[in-house]
Amino acid sequence: MVDRLLSPLTSLPPPTRRLRLGVVGGGRGSFIGPVHAAGARLSGRWEVVAGALSSDPEVARASGREWLLPEDRIYTSYREMAEREAQRPDGIDAVAITTPNASHYPISVAFLAKGIDVICDKPLTNNLDEALDLLKRTREAKLVFGVTYSYAGHAMVRQAREMVLSGEVGEVRQIHVEYLQDWALGRPDQFSKGAAWRIVKDSATPSFTTGDIGTHAHHLGCFVTGLKLEKLRADFHVCGDPKPLEDTVFLNTRHEGGIPGTIMISQAAAGTHCGLRFRIFGSKAGLDWIQETPEVLHFNKANAPAQTLIRGTGAGIGPSATRLVRMPRGHPEALHDAWANIYAEYAIAIEARRLGREVPAGLLSFPDIVDGVLGVKFVDAAVQSNRAGGTWVDCTLKV
Amino acid sequence: MVDRLLSPLTSLPPPTRRLRLGVVGGGRGSFIGPVHAAGARLSGRWEVVAGALSSDPEVARASGREWLLPEDRIYTSYREMAEREAQRPDGIDAVAITTPNASHYPISVAFLAKGIDVICDKPLTNNLDEALDLLKRTREAKLVFGVTYSYAGHAMVRQAREMVLSGEVGEVRQIHVEYLQDWALGRPDQFSKGAAWRIVKDSATPSFTTGDIGTHAHHLGCFVTGLKLEKLRADFHVCGDPKPLEDTVFLNTRHEGGIPGTIMISQAAAGTHCGLRFRIFGSKAGLDWIQETPEVLHFNKANAPAQTLIRGTGAGIGPSATRLVRMPRGHPEALHDAWANIYAEYAIAIEARRLGREVPAGLLSFPDIVDGVLGVKFVDAAVQSNRAGGTWVDCTLKV
Amino acid sequence: MVDRLLSPLTSLPPPTRRLRLGVVGGGRGSFIGPVHAAGARLSGRWEVVAGALSSDPEVARASGREWLLPEDRIYTSYREMAEREAQRPDGIDAVAITTPNASHYPISVAFLAKGIDVICDKPLTNNLDEALDLLKRTREAKLVFGVTYSYAGHAMVRQAREMVLSGEVGEVRQIHVEYLQDWALGRPDQFSKGAAWRIVKDSATPSFTTGDIGTHAHHLGCFVTGLKLEKLRADFHVCGDPKPLEDTVFLNTRHEGGIPGTIMISQAAAGTHCGLRFRIFGSKAGLDWIQETPEVLHFNKANAPAQTLIRGTGAGIGPSATRLVRMPRGHPEALHDAWANIYAEYAIAIEARRLGREVPAGLLSFPDIVDGVLGVKFVDAAVQSNRAGGTWVDCTLKV
Amino acid sequence: MVDRLLSPLTSLPPPTRRLRLGVVGGGRGSFIGPVHAAGARLSGRWEVVAGALSSDPEVARASGREWLLPEDRIYTSYREMAEREAQRPDGIDAVAITTPNASHYPISVAFLAKGIDVICDKPLTNNLDEALDLLKRTREAKLVFGVTYSYAGHAMVRQAREMVLSGEVGEVRQIHVEYLQDWALGRPDQFSKGAAWRIVKDSATPSFTTGDIGTHAHHLGCFVTGLKLEKLRADFHVCGDPKPLEDTVFLNTRHEGGIPGTIMISQAAAGTHCGLRFRIFGSKAGLDWIQETPEVLHFNKANAPAQTLIRGTGAGIGPSATRLVRMPRGHPEALHDAWANIYAEYAIAIEARRLGREVPAGLLSFPDIVDGVLGVKFVDAAVQSNRAGGTWVDCTLKV
């Protein structure tokens, strides 16, 4: 099974210019904003030309200069940026929203309203109503709305997906994802500014770690298998120092077809760094991928020597990974490259939209707003299940 | 914190002869019987002198000759062996019971009745009544009854336990154990003779994989942390080909003090071999040990370089592991060595008993019948929880 | 010991614009040209604005469009590019030379003559006379001339260097570097176009693999220890299919102070990919780094647990690696990031030059033309030693 | 290609008793004597019944009791042991010589003279004359003389050998072996008693590390490829604290057919433990085995996913490894198991000799005196080469 994206992609005419990206958020002290910008730049398909990098005007201006943005495109308000960029003949082609989660909704609304394509960090929103409303607005505006589940941009994640879909593991029988970090071991008042907003307990923030990194795990399990999550049970825990929301969650899962699995998430697992891993067990073989060594995909057949697939061309690598290869095998790519892959796909999707072409997105392609909405539903279901003592909660959604 | 076994051990007089071991089970086609014998032999503390190696008299005789047992100590019935060995002046000091689980109870009863110390494979029995009755008989007879949770014999498991107990990980906050194999992917009628009995569904066999390898995972999590399991919820699955009992079980756990964790068990996880692993996360550091590379213990402090502890003397290795060292660092020991360690400790316990000395056993020492009983309780609770749809079930027991 | 670069770097004023890079070579079928461009782009310090991407005018034009270069800055000759860019008010700040080795010299000469800073791939030239002449011209022109020993851009290579220089391994006692690939197993007529030029035997190409990847190994061993190579003996072999030049070379080495070591190089080591590794053994500890997992530095003290240092901030990471950190620990960086680091340092060096500041370069800083010259001397000495049957040959050079 | 041992082995009648082993050396403070005994015991083919465990009578007696030997078979002199055991009707079947190297010769002579089969540690002797004389005596006496190159007993080393001989790597093109330890970093006067004798400089001890562990590396490279070493050049170094003999040696090698390679040996490589590794590169694939993880053999084909072969049955494992399997895949075996394999083969060889059967030994089978002699020749050649400044020295020998 080749990547369903492959054929539409290759039939597009070659690009004649880089797309122009504006960024909201990402100023000094921010982690993820610069990653968006670096991924866009590395992709070769984008130039970063405008930014409202902070809600603090001073920081916005200083950061804009550090980013070497043109003076007249350093904004101190995203509303102003949406307004003025929409009027420029050389206005931005898309906006990257890299702010704390609570503001994803209003910022997205502002840019969608101006007809500007959106690329937003995850989780899409803090509640399902907002998420569904954004989906509705996106469809009405017929715009591209990407959600940066960036791990889905790794070539070897694509390779795993292709192998699952082509039946190389046999029938999928178990889906396990874990994501372990330790930066939230301490008290929230010890967190860096870039992290502290993630744990603020209010009605708009029903969870900490489930939304923050659990959504990555949820997406990855679905993305690799092509199977939606149908129901779950969740136990929330505070395993680090006291905090108002969970820093750890253990889930039992059932994907489409009743396939059982687990998700184990903690941001208070001492001595771990960014331990995202999926293990898919099928009737014939297993796949095992670990984010910290993203070049490697373990393909373990029953009754056969284990195989180690390494990113590159040939040597067992299929077309959906091959088309993402920049560096040859053994010359490692990593997280910036995954972001570049995602940003390249968003560029293609935007170009296709303008040419009136269909580019499939979502579960079997690159991550978009549908994945974003399903992620919010996942968090919602987990919060409900935990409150009810760990009962099974449905998390399907007609989208 | 040094191993509580250490001081009584060192104050015993040196042995003047090897102890004599009889073995029940272990004939042709058996997996675990020869492992018991090899571990006993490697320990240097035992000689194997008698056997009732099969319930089939032909096999028992042929196997006994293969084992180079003296002709007059090759038995075709364990009852006869118990009877005659008890009468010999050079009779066996202990019996190793390596038969299918359902027969552990009557065989144990027979040897305990003759005043012979018992070393029995796990799970101790198929039901709690039998397990508790064996405990009662053992105490009445004032005999040593070891249960071969053999992984507890690894030097680096002892090292992990010592580090947890001495506070090197801080407070224990999460306990995760997984045990993944794939030999039961197929249909039970495809299993080897040595494995087929494990999946026979009758009243005496309430579970397959939970008893078969889940008990190892349960014991290991408790052994390393010194914390009993208090409650669990369990989901049983058949992930391989259809079979009458579960080949996969996912558990949520709470150890003493409410410490949360998970146990993930499957014998139908394609491409895995003997994937037993524990991860203990504390307030300061984590420990990670994988059975397939038993020489290595990963000690991962928050905010510090990860440390790799390798079995040997010095270099961060404490007394409870040091006293088990046969080969120097880098000259690997493995599973036969773990068995040898366990058998050495049983020899010491038996010698101590004869000298009227107390040797602590159980959770903080080597595995004995109390651990065996708790393992049966664990299986019992898991079966109950699964039947009830995954509710929390208590698994404490006054022993 | 902090990186000697650190203080001058931080005292420079912040940049006010991206530097403009022109690229020679790198058209369709080229491997390394796009890597230069991607590294420059990812660094955030450069924009690629001009190119003479191929000596074939058709390919040069087509490739220039694929790179989205402005039409008037797509050149079909590097001489024309040097000429016209030197005249533009917005002309390139530096040229990246990514062509086959034999042309490095004339292209460098052309741009140096126009007062344009040069960044050239390795090996600098095919013979020592050209290399020394370039050094002379660079010094006369007072220009920056970087040589892209890109592995020196990895944060954990900097970390290793800092640890060696600060004495954490004790006195350096052994220096071992190996670099194993397998793409040259077959016959030269099977090589891709991008590789075939590397093996053409003529007076200008005295070696194949010693120049192609041996120079990386040579540089890395010197760079990490701060010790120049003083003498060597070399055995050249053809271990793959027949070819006119060596595809494998084994060297014995002595670095400054008589420190012994080995270099093992092969491009015909079946089943390897890009197996560059250094191991430094000191009187107290060893360091071990493997290019295919560049985030990890193994720090192995005698009589202590092995430490695994992971790129990031804190946790044992010193300032020379810390200043290169883009992504936090566990979010892996890789080869494009190493290139970005190198390109950032070249940007800084060029800005410093314009401000009249001294930026130390060479063995204890980022790789420049002195390293390039020493690399050519290394190849020269190896060729001589091999011809003489493996005698010791001096490879010191007054530069 | 199946192991040439396989057919003769299986046609022998089953054993009817364990063979009786006497041990010379191995008393308190000795490392390797207890390893011989444990390997013999674990094999199930031997019982240890007699010993002259030390040249110090007190130590010999105390150690004999610790080993639980019968009082009348605890000897204080190996001569007495040879004499008296030869006269007993139940005398030892073979002697294991585990003393410092200098005494291997006279002890071997004493037991060969009594018609007792010999199993001797490596290196066989400290000089070639003694080694050749032992070979002559062994052949005259028509006895079995094993030399315990114990790493050759690992199942996965056999697997590698079988794969090389059956052409799975194609033609052998490079042979690399390294063996790195760090216990000799310090001064000889800091060595333990069990190690100090290895570094005594006198006419009988021409080398330290080349003999001590270099011989293992030499044997392993030959054993796995079936190719004798033809010539070498050697550089000796003292990389640890000052000592009278080399603690480090780097060799260039040519095996039969002119196949090039390297051997890198150090006992002063800080932070290493017992880092023995071979890498064989062929025209189609490479094999990579590391002693510290002996269960794993990496089989790396060019242009194909890397394969990880794990000891066990099936899954790509051939008959020469399969016949050594005690524990199933994933239940790790290690160094005691390798010793047990070697001791089992010596038992078979002795039984075969008594039955008048031929059992091939040497390069393509288990290690015997011919391998021992070649090892001494290897040391001899290395010493000569180093003295001559690293010239090529022949190390072939008609045996």
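Order as written gives the chain letters A, B, C and D; numbering starts at 1 within each chain.
Heads up, the rule we're going with is that a residue touches a chain if its C-beta (ideal position, glycine included) is under 8 Å from a C-beta of that chain, and two chains touch if they have at least 3 such contacts.
Remember, it's a predicted structure, so these values are computed and weren't measured experimentally.
Using the average of C-alpha coordinates as each chain's centre, A ends up farthest from chain D.
More C-beta pairs in contact connect the chains of A-B than those of the other pair, out of A-B and B-C. Remark: chain A and chain C have CA centroids separated by 34 Å (rounded to whole angstrom). Centre to centre, using the average C-alpha position, chain A and chain B are separated by 44 Å. Computed centre separation for the pair chain B/chain C is 55 angstrom, with centres defined by C-alpha atoms. With touch defined as above, residues shared between interfaces to two or more other chains in chain C number as follows: 272, 299, 306, 310. Chain contact summary for the complex, chain B toward chain C: residues 299, 303-310, 314-316. Partner chain D is touched in their complex by these residues of chain B: 14-18, 31, 34-35, 37-38, 41-42, 44, 65-68, 181, 272-275, 291-295, 310, 312, 326-337. Those residues of chain C that touch chain D in the complex are listed here as 169-170, 173-174, 176, 182, 185, 233, 235, 237, 239-241, 248, 250, 252, 260, 262, 264, 266, 268-272, 279, 281-286, 288, 298-302, 306, 390, 392.
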